[in-house]
Amino acid sequence: MKRLSLSLVLMLLIAFFCMQASCFAEKPESISIGVMGDFSGPYAPVVGPTRPGTLDAWQYLNKEAGGIQGIKLEPILKDMGGKVDVGQSQYNELVSMKPKPIFIDMYITPLAAALRNRFVEDNVVSLVPGAGESLYPVGNSYAYYALYPEQIGVVLKWIKDNWKKKENPKFGIITWDTGYGRAIVTEEFYNWAEKIGVDIVDTQLFGIRDVDLTPQLMKLRAKNPDYLITNSTASGPLAIKKGLKEMGWDIKLINTSGGDWGTAALDPSLFEGDLVALHVKSFDEVDDPSIKTVMTYFTANNRTEKDKSLFYLVGWQVALLEHKILNQVVKDHGWKGLNAENVMKELNNLKDFAPLEGITKMSYSEKRRSPTVARVYKITKGKFLPVTDFVETPDLRPAKFK
Amino acid sequence: MWRPCGVIDETYEQDLAIVRTFPQWTLTVAALGALALLPAYVSGVTLNTVNHIAITIVALHGVNILTGLTGQITLGQAAFMAIGAYSMEMMVRYWGLSFWIATPIAMLITGVAGVIIGLPSLRIKGFYLAMATLAAQFIVPWIIVNVRPDLTGGTDGLTVSPPSIGGLQLTSQESIFYLCATVAVFSTVFARNIARSRYGRAFIAIRDNDIAAEIMGIAVVRYKLLSFFLCSLYAGLAGCLYAIWMRGISVEHFTLHESIWYLGMLIVGGMGSVVGVILGAIMIRSLTILVTYIGPWIAVFLPPGTGTVLELGLGPIVFGVVVLAFLIYEPHGLARIWERFKAFYRLWPYSY
Amino acid sequence: MLFLQYLVAGVLTGGLYGLIGLGIVIIYKSTKVFNFAVGALMTFCALVCVALVTNVGLPFWLALPISLAFAAFLGLLTERVGLRPLLAQPILTLIMATLAIESILYGTMLLFWEGYTISFPQGVLPGQTIFLGPIFIPHEFLYAFIVATACFVLVGVFFFKTQMGLRMRVTAESHVVAMALGINITRIFAMSWMLATVVGALAGIFIGNRLGLQVAITPSLAFKALPAIIFGGLDSLAGAIIGGLTVGILEKMAAGYIDPKVAEITPYIILLLVLLIRPQGLFGEERIERI
């Protein structure tokens, strides 16, 4: 019965979609892309710069890449202000638009996780953060960067490869007690670490609102790790590093996307020598052609120093990806074939897509819905300097969804 | 209970009726009819907000019974909703129960949890009790996240599969609307009846002075706990509806901020009044959505640089100003405005 | 040794909680209003302080008094615009008004600072960690603790030794009695809002120096002080500080000896137990009820 009703609903949806598709089989006037995020709430320090990033990228794509066969692309920005119910309503507004946007970018994990099934039902493709629960089991969601444990994995592998001493390198985890922070504390991650021969000696959690981390840091120091690992951003790494400095413990911190330029700019001297895994090129590689293009728009639109962060580049990356996919689908199937199925087919076959002369690399497949590269950066004199090129991340998907 | 001049009850049934006169009946039927036809003339987006308002009304009736009638301030309604939503989804997921069976059980579980949290109310009063319920707001999410993360999904939360009725899955906003609206209407009738029953009068006596109530022979302990039970029952029901409306739950949906605003909606609407509950929920929920349009709308008329900033900040400012202005204009809530309006049109065109 | 270190950390963080709590208690004591806007107010003032240091370029010791003066003004404004028109209305309506004010302040902060984390330039608080044998005392927290103690003493002297303080205490006792004695209670309300906002601003500046300031996250830090003030009693100044210290120590002990995961809820569990034994908090005034 359940399967029957499900297939019935699916058939209805498909029929509905076909009706919709025939409505705009002609060239549309513009193609809209839904961009949803928490641009003013608690996640804003991280994802806030996506707004300018997205706007600048679409400006570039419409101006220099000619949109999609001359049709302009229009991002529709929605700020949910940290309120999930407002976000849900904005999502409904986006999917009831005509023509419906095929891509909906989510810069907010709880909402992306809650709406995972809705993406499938509403026939939209969503780009979500690299947290496992918003991706798996696979639906219509794709991550814009590798899963958080996979990003850490790249750094761990690099340290292990350059490890001179006889005994295994030792790591302590200190991370936020939230869905985001705990995303790296997975069984797969621990097993993999054991397999490549690094020791995770201790795991400590701390709250977003903790001002002092003495007990956690004391416990970690007792285990004597060589590096600390965290998956937190803005105030999180700041509190850790301040605590470390105060107790006179000189140890380097490893962070994922959360440890980007925005976080390091809070107090550059504290983050000196830390390792960060990011999936894009660095703002500090000023001679790189891709960064040059980005920076032209950055300065032309009077973006401030605060916008210089990872999610500004993520805004670019997502826009470039969507442009490429939409262009390809329209080329292969015509305007009639511009639907979620074809878009997903195209995405699943994407291999090593390196837009803008290689600002990042993206590959997706049917089963693996997150890009598989990251780069290790070392913060030297406040600059993010790469110590590796883009390297393949380990595959740390939740085991049951492999 | 006030009634229009010249309406005289002749039987006990008439005296007990909520809907008394012919015009009232006409209006009630018309309003229910309009509600039933609502999906036909509003868009899916509006309907989505209407659904959220309906869910809020259900939860708010609970707050009203506890805070408005019994006078026990609660800051934990969202936590109770979380208990309801999680227990429903977990029963559906792991025991394979259907939504229709799981919901009443989830409501009962929430009710029992509410009684436990309500135990301190036997000794604590006023704002101190609010803080005790606030403790629930911190402890409940903690339990959900930490005790059995394998079952509750930990911080990741759970996705909720839509319930089905006779082979039809409730996925569209229309179908959810009919469910939520029906539940909201019935819970309104139930809340209205509670208020004028023996229980309701006992609640009010406790609110006005619990020592006096005890002297008059009201079992204060029993009624306080009953009030907590009823409040949580409503919260559990609202939580279940929220889960299928949102299609996914995690602790980040049931925040302290939500709980505080449940109390806020009640105050804006009017304490202890069923009309107030409905008006308060409608006002705050729709205002929250409406202000998100104000920023982008105004930003169009401004130079590009300032526009983006205004887009973010203007919403909360307008929201706060409107709420504050309403409070200053009518400190007793929207329900009082409604009362005044009723008195006005009954007497019109005479002044008294 | 570990115990001593946890104790030091607990006492120092507790001082910060006590400082926030003091701001809430001052308002509750004289107006019976629970101020939900306390977090937004303290964040706003701290952000102004950062702006004075980074954007205007003032030295910190000059920016601090200016931002405190701003805090006093902001407190006055809040009282005058938001709460004065609601004088003599039900208490819950006034509490609701503070919620509305919180929303207005949040929006205003977004206009100026958007959603980014704003941090103080490094080293605005001079000095470095003090090591006492194996025990370390972070100087930033030490400053906060000293300021909290100083605030507590000053507010205490103000309340118990001055004419104005006497008036405030009478107002706290009963608004009607105060008015009958010829006390201008609206002035008392304005005074207590100013005082409370200044105390809150100090807390905000220390927090901002520690974690950076963000318009949506920093205000929620004020909720950490809630168990502290309930613990000590909503209307007791000494209770706020002692409650703050107790909660701080409990939190660090729980994090140290049990699990950091339980640190955040331990104060609440203890709070429930305390409330069951002493419903008015440890130092709260016991009200004799009459019919």
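Letters A, B and C name the chains as they come in the text, with residue numbers starting at 1 for each one.
The rule is short, and it goes like this: a contact is a pair of C-beta atoms (placed from the backbone, for glycine too) under 8 Å apart; a residue touches a chain by one contact, two chains touch by 3 or more.
Please read all numbers here as calculations on a predicted model, not as lab measurements.
More inter-chain C-beta contacts link the pair B-C than the other of A-B and B-C. With respect to chain B, maximal separation of chain centres occurs for A (centres as means of Cα atoms).
With centres defined as mean CA coordinates, chain B is found 36 Å away from chain A.
Measuring from the averaged C-alpha position of chain B to that of chain C gives a distance of 31 Å. Contact of a single residue of chain A with at least two other chains is seen at positions 39-40, 177.
For chain C, the set of residues that touch two or more other chains comprises 110, 114-115, 220, 223, 261, 264.
In chain B, 312-313, 315-316 are the positions where the chain touches two or more neighbouring chains simultaneously. Those residues of chain A whose C-beta lies close enough to touch chain C in the complex are 38-42, 44-45, 48, 82, 177, 204-212, 214-216, 218-219, 234-235, 238-239, 242-243, 245-248, 262, 266-267, 269-270, 306. Of all residues in chain B, only 43-45, 48-49, 52, 153-157, 159, 161, 164, 167-169, 171, 173, 245-250, 252-253, 288-289, 292, 295, 305, 308, 311-313, 315-316 touch chain A in the complex they form.
The touching residues of chain C, counted against chain A in their complex, run 2, 5-6, 8-9, 12-13, 16, 110, 114-117, 119, 122, 129, 131, 136, 138-141, 207, 210-212, 214-217, 220-221, 223-224, 252, 255-256, 260-261, 263-264. Those residues of chain A that touch chain B in the shared complex are 1-2, 4-6, 8-9, 39-40, 51-52, 78-81, 83-86, 88-90, 92-93, 96, 110, 113-118, 121, 131-133, 177-179, 182, 302.
By the touch criterion stated above, chain C contacts chain B in their complex at residues 28, 34, 36, 82, 85-86, 89-90, 92-93, 95-97, 99-111, 114-115, 220, 223, 226-227, 230, 234, 261-262, 264-265, 268-269, 271-272, 275-276, 279-281, 284, 289, 291.
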